[in-house]
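Chains here go by letter, A, B and C, matching the order in which they are written, and residues are numbered from 1 within each.
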Amino acid sequence: MHHLLTLEDLDRAALTRLLDRAEHFRTHAAPRDLLAGRTVLTLFFEPSTRTRTSFVLAAKRLGADNVNFDLSRSSTVKGESLLDTLHTLEAMRLDALVVRHNENGMPAYLARHANTGVAVVNAGDGTHAHPTQGLLDALTIRQRHPDFANLRIAICGDIRHSRVTRSDVRALHTLGVGDIRLCAPRAMLPESLDAFPGCTASEDFDAALADVDVVMMLRIQKERMAAAQFPEAADYHAHYGLDARRLALAKPDCQVLHPGPINRGIEIAPDVADGPQSRILDQVANGVVVRMAVLAELLATPA
Amino acid sequence: MHHLLTLEDLDRAALTRLLDRAEHFRTHAAPRDLLAGRTVLTLFFEPSTRTRTSFVLAAKRLGADNVNFDLSRSSTVKGESLLDTLHTLEAMRLDALVVRHNENGMPAYLARHANTGVAVVNAGDGTHAHPTQGLLDALTIRQRHPDFANLRIAICGDIRHSRVTRSDVRALHTLGVGDIRLCAPRAMLPESLDAFPGCTASEDFDAALADVDVVMMLRIQKERMAAAQFPEAADYHAHYGLDARRLALAKPDCQVLHPGPINRGIEIAPDVADGPQSRILDQVANGVVVRMAVLAELLATPA
Amino acid sequence: MHHLLTLEDLDRAALTRLLDRAEHFRTHAAPRDLLAGRTVLTLFFEPSTRTRTSFVLAAKRLGADNVNFDLSRSSTVKGESLLDTLHTLEAMRLDALVVRHNENGMPAYLARHANTGVAVVNAGDGTHAHPTQGLLDALTIRQRHPDFANLRIAICGDIRHSRVTRSDVRALHTLGVGDIRLCAPRAMLPESLDAFPGCTASEDFDAALADVDVVMMLRIQKERMAAAQFPEAADYHAHYGLDARRLALAKPDCQVLHPGPINRGIEIAPDVADGPQSRILDQVANGVVVRMAVLAELLATPA
């Protein structure tokens, strides 16, 4: 594993090893010298303080040097090409480059042009992939259900534009989940299920929730609601919001996940978000240890 | 001591212990591993690079990991509630949260909702409190007058809106100062002295300065001067500025304090700010060690 | 050496010692505790993420604490004077202050007023000096030509406004280079060569390139091109761009340098920037180790 661009490249053994390593970091004191002397640079073209902070803490807790390349003041403002920025950063002796970009494939593009010594980590690109989110969601689910084989999982929200869903599905399918139900209004369902192996799709959220072990809710953008003919947040909530009544359709111990930040009262009711079945804060905690595992896997070899 | 929200909760012994610890940090090499592995996050809703830098240096000099949560790019922009941001940060395994906010009581609100493992430090809230400023001012005064009992102290400026004054008065009163003179034009005096134990108030700065051991000047906002019927800075300076003539009314060794940044020629004359009685830069230096003492007190226990 | 403000103060022995130390850092593991407990603060009044990142990495790789003083949120916004900011930062126990400013002489001004314990490093001031750039360019050249004595060097671009050129010339002249050819359209040539010892000036780039060992290209600003009567980038490129044809006029092993970020197709053709004679990325790598050497030289003495 030289880069982490998408979860498609990882087989079940590779995924399991990363999850095991993350779980180990969660339950043991971090080896604060594992990445001593290594440099992790965060390069976010889309703002996301949460995800960036999670990567920064992961790097620091393993002893890496961390630098944030502040794009609002960067040379790209002066018209430097992205590849020139990449090679400049590499020349400063970079070990990992954590990239978020609103265009699909930009981290892969950087990885293709990166020096062999530099690991590129995709922190979310367009609608394509968000592999560390897929890993942390798989870890969160596994903490309650060590065997993925017989799980039933519903994912509800703007599936079509969701990099989170694409990475979640890829991880869960590879780990053996056979029943993944994508649910959304038509305008938010993908045109094809090719990128969603092992999935079925429907517009009926109540039906999709029947007997599921896990329900994963997605953050909704207001402009998407309007396009899906829900002009008001309350309309969307009535049809696709997860509230206590709907959650009762799932298995009694059904876990509720959401990648955050949540829109209270839109895609999720406050009592569900804060209720005993919510794993939302566990996801945040798992996010840090998953990113530690990824950085350790990519970097903790002789420099 | 789980949080530091206001100095009202601290008795003389607790204050003295913090000041002793700060003094120790000032005169000894910092124990750079005291907070190794602990995470201090700064969350400033009001800009203050000075105070933030002071906290960051305090954290680093004790070996803590420091992360600045950049609000200009944060999820709160996306409409996430403050409590959801708090719990998200906590889930990343935060040890201390240093908060500045323009609303009174916001740090206390966060502390009430924080996990038991997280210490909230108030870095200034509205007009309510600025406890580390109160501590650093007490430390600065004590370095010249170890016994607070017989001190006479004047505080001059916009007392009504000053969180600095409220915390200074609380610390000094608890430490035994019996004569604290608040001085300002009427529009800047508080409507009641309830929150100012041990204080008297007047509008006559010359009289207030008689024989004081310490004079603490406050930074003035231009809009406040106008409200107090001083349309020009020179007018305010003529009545409430500290210059050499006025300073001569105080005791010969009277210490001059100011929380900074100073408005030269408005509330303080340059020759006084830069003169031998000025302790302004000592205050800055004491600010770092006081914040080290606070973080050490709150965090340097088994995690 | 208490500060690094310009290279005029350094004789050949001092320059050589810095270059030797930088070369040592490039080829050996960094002594990560050399500057442990020391504080390096970056204070950039002009944005430059590249240069700032280079200094930050240099500081971290020697174990120093690093703080960026964020001017967009700083007290200077509140009207504090620059000297008050300086003294405030010093009082927080600063060891080095890395300053970039668009006015000539501002780092020297701060150095004159700084405490004796604080080292000021000029990270570029106006059109005056950029000493670490001069050092890294000299190091880059020396890696191929250990003896500077018989080198022929051409520098092409907006010489008149270039702090890079002034520092490059100063370093190369002191190190013994006798033939330095400044080349630019008239509007970009300096009015006098007083600040450019050992240099000749011309407007004919082809002639200037004859048999040179090194060609240093400068980044061009669009507004400067117009002032020099090149309304289009292509016009400038035709007369002063370095392409393969022109590079063939130099010696076969001629090194190509550029301080970055490059304008592809304006002052330099892409195939030259990316070609085998380009040292542009070596310059970036050398920038980090040169800054490590400067910080080590200034700070690695008993505090």
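Everything that follows uses one rule, which is that a residue touches a chain if its C-beta (ideal position, glycine included) is under 8 Å from a C-beta of that chain, and two chains touch if they have at least 3 such contacts.
The shown structure was predicted, so the numbers you read here are calculated from the model rather than taken from an experiment.
K.L.:
Quickly list, by label, the chains bordering both chain A and chain C.
P.N.:
The shared contacts of chain A and chain C, listed by label, come to B.
K.L.:
Since chain B and chain C are copies of the same chain sequence, what is the angle of the rotation superposing the Cα atoms of one on the other, rounded to the nearest 5°?
P.N.:
That rotation is 120 degrees, given to the nearest 5.
K.L.:
Quick one: chain A and chain B, Cα centre-to-centre, how many Å?
P.N.:
Chain A and chain B have C-alpha centres separated by 41 Å.
K.L.:
For chain A, what residues touch not just one other chain but two or more?
P.N.:
Answer for chain A, listing residues that touch two or more other chains: there are none.
K.L.:
Any idea which chain B residues touch chain C in the complex?
P.N.:
29-30, 32, 47-50, 53-54, 56-57, 60-61, 260-264, 281-282, 284-285, 287-288
K.L.:
Which part of chain C faces chain B closely enough to touch in the complex?
P.N.:
Against chain B, the touching part of chain C is residues 36-37, 39, 65, 67, 69-71, 73-75, 77-81, 84-85, 87-93.
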